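Chain nomenclature is as follows: A, B and C, assigned in order of appearance, with residue numbering initiated at 1 for each chain independently.
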Amino acid sequence: MKTFAATLFSFCLFAGAAAAQTPVGGANAMVKPEDIHAVAPALEGYAQKFVVEDLWKRPGLSRRDRGIVTVAALIARDQTIELRHYLALALDNGVKPSEISEIITHLAFYTGWANAMDAIPAARDVFKSRNIGRDQLPPLSEPQLPLNEAAEKQRATRVGEQFGQITPSLVQYTTDALFRDLWLRPALAPRDRSLVTVSALIATGQVAQITYHLNRAMDNGLTKEEAGEVLGHLAFYAGWPNAFSAAQVIKDVIEKRSK
Amino acid sequence: MKTFAATLFSFCLFAGAAAAQTPVGGANAMVKPEDIHAVAPALEGYAQKFVVEDLWKRPGLSRRDRGIVTVAALIARDQTIELRHYLALALDNGVKPSEISEIITHLAFYTGWANAMDAIPAARDVFKSRNIGRDQLPPLSEPQLPLNEAAEKQRATRVGEQFGQITPSLVQYTTDALFRDLWLRPALAPRDRSLVTVSALIATGQVAQITYHLNRAMDNGLTKEEAGEVLGHLAFYAGWPNAFSAAQVIKDVIEKRSK
Amino acid sequence: MKTFAATLFSFCLFAGAAAAQTPVGGANAMVKPEDIHAVAPALEGYAQKFVVEDLWKRPGLSRRDRGIVTVAALIARDQTIELRHYLALALDNGVKPSEISEIITHLAFYTGWANAMDAIPAARDVFKSRNIGRDQLPPLSEPQLPLNEAAEKQRATRVGEQFGQITPSLVQYTTDALFRDLWLRPALAPRDRSLVTVSALIATGQVAQITYHLNRAMDNGLTKEEAGEVLGHLAFYAGWPNAFSAAQVIKDVIEKRSK
């Protein structure tokens, strides 16, 4: 019941409930339902009919995954006001605080450092209101996930041949910071890390990078049904045009893999 | 005289006038002219010379349309601080409150739900300062515009064949939420709805989706002269690179249609 | 020592130092280190290891240039909270107040007017805290840099033939406002103006416009080594996907020029 109510609030944004969870005010406070009524009352009906009563209840992508996808999209798009609510909703649907922490860390690299920084106040408030302390976050150091050395060497060689002469710093950091460090952190499963990455790419219209990361996501366990649901989900949260621009690339990847 | 003054303020941002219309303060307050003087005084001269005295006075695109284009661009880019002023300017130039309401509703789908939510406080303040009440907004339910069933079936079939297997949810919502619902709402004329959509696409660099929507816009009555003026207008409000990236696509569409 | 400390703070964001330089509060205050600890403690380690101790110390791109690149990226992405710190860091590393002023003016045209407006409060605060007055900003009128009339006529003719029929306003403003005015302002060297433009394009994923502007940048003196370092730098500040999408275009430009 709690998760249903939470979804409901995600679009209706009833001030009482939202305020109870995320005690903020001023310019960055979430929009109140009476303000929606005063400006665009049709939005509430659409939210109920299509999003609360349909989208979030669809099979094919779990509510936990929908929470991850939505949070990744909002951080990637630097939309911190709505983020507060969706962080709470993600936690309600089974995303762990350590995973939220790791999603923000991951997106510092995949969407830009300032996006991660801008997401921190919202996460701080949500964690605080639920008494989530440092003990529930990933430890500063823990054993890395195992690395497929052969595959990583192949990737590094390919990228090195392609861009090593043009931009040695980008090539080196990609190996050192991303594939031999960030991706091996155990606090977020590789499949979820890929889901975060693909969601961020779709949500910001960066279609040229989807092919590599969707293949990686599917190697990491994301199904083609889930990929298709991510598109339908992000149509609402990142706009129809971003969903359709990504659809062609995702179609190409899926068709090529099934040959 | 009022509209001229309003345009003037759009770049000069005289605190007195702006404050009278949109009583907000704190972090999200509009920038004051003395702050522009203290940082980038050249901007004021450019605003006068090119934007106030030239761009907004050009024939080829009405001031009402320029208001719609600017508001759509700012919502699509989530730039809510400047939005307050341009909502007021759009109203001054003949855009109806019900149309503003509908533009925000439309862009929830075409730029992402959070963009619409982020636009609501600005619209609420502007409506409030002008005593615009619920009676001036679109009713919750009213008869839909007539639908060209043959054309819609053709569209749905084409998209279904292309993406139905990959992402059934996106295909279904596109039919149910957009083309058999949102686009049929009478509070915003189809031509204006197309103008909003095309402006949002140009302003966010989503060139891959312009071809379909510009053709739709011209089917709905947008002239090629107006399309060209939208580009010149959005160069100032979304940056030259977005305008030039869109120019090639718009050229291709217009040339193909005149064959 | 001051510049090192400043870089350190750029990621650690020690509240004391930041607050001393940019006295702001409320919703737009910079994130505090204790908030990073409470949400994503791993970010601090990454910032130290890769950014403070490595990226900003790399040869190939001066710290002054890194300041310009970072400020341009943040303004282009409308990320005003982090901007405060990086404006201060740019000044610490030798970027002049008049150059900051001119970067904001330049990006009004190259990223959209609202981005420049949104950057002004941050710059105002940083200037104020350092007693930077109007006398250190570019004068309202000063002699233009010399124009290569032949090259400009060639450019204007080419663009006119391509787009003059479709969008006369865009073509006219490009000549009048940009190439016969903005680019000739002496307060920012053409090479730096190009660096700002290219950084903004990479940071916002506008790859289609990079070819022209990177060629112009290299004509203006940017080296290919510097271009490669800009990519590695912007991976951190605009996300890896934007860096990789730009890398292919930059490679093509550099290879074509060396033939």
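Keep in mind that, in the parts below, contacts are C-beta pairs under 8 Å (C-beta built on N, C-alpha and C of every residue); 3 or more make two chains touch, one makes a residue touch a chain.
Protein names from UniProt, one per chain: A, B, C = 4-carboxymuconolactone decarboxylase.
Here the structure is a predicted model, which means the values were calculated and not measured.
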Chain-contact steps, minimal, separating chain C from chain B: 1
Turn needed to bring chain A onto chain C - CA fit, degrees, nearest 5: 120
Length of the line joining the C-alpha centres of chain A and chain B, rounded to whole Å: 27
Numbers and ranges of chain C residues touching at least 2 other chains: 26-28, 78, 205
Contact set on chain C toward chain A in their complex: 11, 13, 26-28, 30-31, 35-43, 45-47, 50-51, 55, 58, 60, 73-74, 77-79, 81-82, 203, 205, 207, 224, 227-229, 231-233, 235-245, 247, 250-251, 254
Chain B-touching residues of chain C, taken from the complex the two chains share: 24, 26-28, 78, 100-102, 104-105, 108-118, 120-121, 123-124, 127-128, 134, 137-138, 140, 162-163, 166-170, 172-174, 176-178, 182, 185, 200-201, 204-206, 208-209
